[in-house]
């Protein structure tokens, strides 16, 4: 592989990883703070993408559509928490998994009813439609750099909120000892509503932001969810740091796995079996540290 | 005594980050004797017992059983070497009956548990060991009651019965009398006296009456280290112990 | 024989009579239910008895089907007597391989990694040409049961397939009851209730959980083999998480930790699915096409309202005293009240 191809794949891998981080961080925050596993989290990635498509078509501009979509997603999150999610707080994880799986089916079908089953696309916004030249022959799309930049900015925002604000302090305390936080008179229910809405909005935002470069299709949230699980297993549940590390790792491994050629004993392993690389990575981590790299030892 | 102690620690130490919970503790438990470890809360007694049962790895030092180094072995291995531990916070199988709790414990030692065909209830050796253990703890009348339905004191008795059902050589008892009434405590103290000749017993307790009634040797721990170790009379008379532990200068009647 | 045993035998006999009276469509539908019931019982062993929430159980079901498909020579029939053990062994080995990694984890991690590994297998078959990719492959000729010229049954006859499935249902039930009563079964129950105590008593809990995982996978393989025989085709969906989730719902709906509950749950689920798929048009929309919407809503409502499933509901109506034991998360149903 020459240097130029390597550079492009590196940028792709980092971009993919940062996008995954956005989705995974939402999932891990919701679990770490509220103790809820939401397998419908991937559906919000899909909802974000479809909202971006639908609102861009309606409002005429991607830049207006995204903030509007964020508001819609957050509202859906609040509504969902109030209607259904808050009944899961003290239930077994099994029931949380099943109930939120039911939500996946509901969201898939509602998407089908509202927006149909065809594959959609959002054009890359004109202001970011150009490419930056890397060499005389190769250039890299500006929009992809934009995605990476935005995800990084959001990541820093998350870290800032958690480390430097009062809300973040409450969140950190709540993830360690929920009852104590309640005893201190903090309205845990309001807190949870905010956290849940923020969590799914992160996933939706990832869907919106990546809409111009991905295929907006039925079931697009499912592979993302599975990869998020792998990220959390590798990084450790509840750990934002772990999610970042694991996301970048997976982003790079998955991207490079699709382009390199590896043969073992005459058998073509890569890129044919590239979709399995992240699971092998997970298997290795499970042998070494079953609770994740930054996970808390049970 | 030329015979090696059933259980011994050599300079056992455990750090938790910057905090040293247990520092350089060297004690011995011999078969036929009850060795009580006492001390104020936070003295490191729980950490010590957790290391002895294999649930916590020491930061430094060694644990020996019959002279053989067993430091760092996990709880499953130590249990098979004859170490039995009871818990301060009742750690039983709440939905099961009292006798079933003892059966599970006895099965660990007696039956090959990877057996799939014959009913577990048909194993006579396991049944008898379970019944004996329950009777020794004084609970034979409550054998068929789910443990969740028993009183707190009775649950503590099940806790002890479970340990006995594994026929251990070394007994690590973590506050067995916690939360027990006078009558139940007396029963357990009598049980400990009966067990002493054939076991090496390490007893962590706060109930001073029981400790002085049953212990052959006492070790006082303060702030993670051994303050003093000796016979009950020597400890009772020791000024250092009185000041550090009891906070009074006058001898305590006990 | 005790009263409940007599009742069970009577049910089996009644079910055995079905093909003599019912049309082909219903016999095949019942066979489908029976196959799902076997799958659900295998998951109940993990979910209800070992306390292991496996979200990728379909992997072992699908693997057996694929094993049969791959072992069937082109345009020829495999032998039932070799292909069945092969398929079950494939599922068991897969369970051993996956279990070796996942049984190290607990709680939420276990749920996630079982799903992840099952998806890995799904993508293996979906993306590659090993077995027809996302179209799946057909089993051109169903296995034959010939032994030295004698044919005890023909798997091309839908009634024989039904009876075979029923026989396996009964056999699996007896097998699981026996295992759950054995020392191994007691150890598994202990691990579910208080694993840490089991460890301190000297049990190598990893081995027990792994053995349970393998046994459960093997039984799922039986169901998968039977399904492949009945439908004559396997595709990656048989490994997918939609099926895994559906089986979980069957177990929960029926009542986990009861073995018979999941059988009822499988029947209820399949009937519900059939009913929803047949919904008529309303307001210009074919409701039947969007049956999954209603299934999803049903799942949401059912998990909120019926934590102990059908069996739990029946129990609490008959014996209110047992509810307090249920709250502890287990009422063995095996009689820990020994006698």
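The chains carry the letters A, B and C, assigned in the order they are written, with residues numbered from 1 in each.
Just so we're on the same page, a contact is a pair of C-beta atoms (placed from the backbone, for glycine too) under 8 Å apart; a residue touches a chain by one contact, two chains touch by 3 or more.
A quick note: this is a predicted structure, and the numbers were derived from the prediction, not measured.
**Q** With a step meaning a move to a chain it touches, how many steps does the shortest path from subunit A to subunit B take?
**A** 2
**Q** Most central chain by CA mean?
**A** Closest to the centre of all protein C-alpha atoms: chain C.
**Q** Rounded to the nearest whole Å, what is the centre-to-centre distance of subunit A and subunit B, using the mean of the C-alpha atoms as each centre?
**A** 49
**Q** Taking each chain's centre as the mean of its CA atoms, how far is subunit B from subunit C in angstrom?
**A** 44
**Q** In whole angstrom, what separates the CA-based centres of subunit A and subunit C?
**A** 32
**Q** Multi-chain contacts in subunit C: which residues touch at least two other chains?
**A** Within subunit C, no residue contacts more than one other chain.
**Q** List the residues on subunit A that touch subunit C in their complex, please.
**A** 31, 37, 84, 87, 91, 93-95, 97-99, 101-106, 108-110, 112-113, 222, 226, 229-230, 232-233, 237, 272-273, 275-276, 279, 282-283, 286-287, 290-292, 298
**Q** Flag every residue of subunit C that touches subunit B in the complex, lowest number first.
**A** 178-179, 181-187, 189-190, 193-194, 196-205, 207-208, 211, 324-325, 328-332, 336-339
**Q** In the complex of these two chains, what residues of subunit C are touching subunit A?
**A** Subunit C residues touching subunit A: 47, 53, 55, 101-102, 104-109, 111-113, 115-117, 119-120, 123-124, 127-128, 241, 245, 248-249, 252, 285, 290, 292-293, 295-300, 303-304, 307.
**Q** Contact residues on subunit B for subunit C in the complex?
**A** Residues 53-55, 74-76, 79-80, 85, 91-97, 99-100, 103-105, 107-109, 111-121, 123, 144, 146, 148, 162, 166 of subunit B touch subunit C in their complex.
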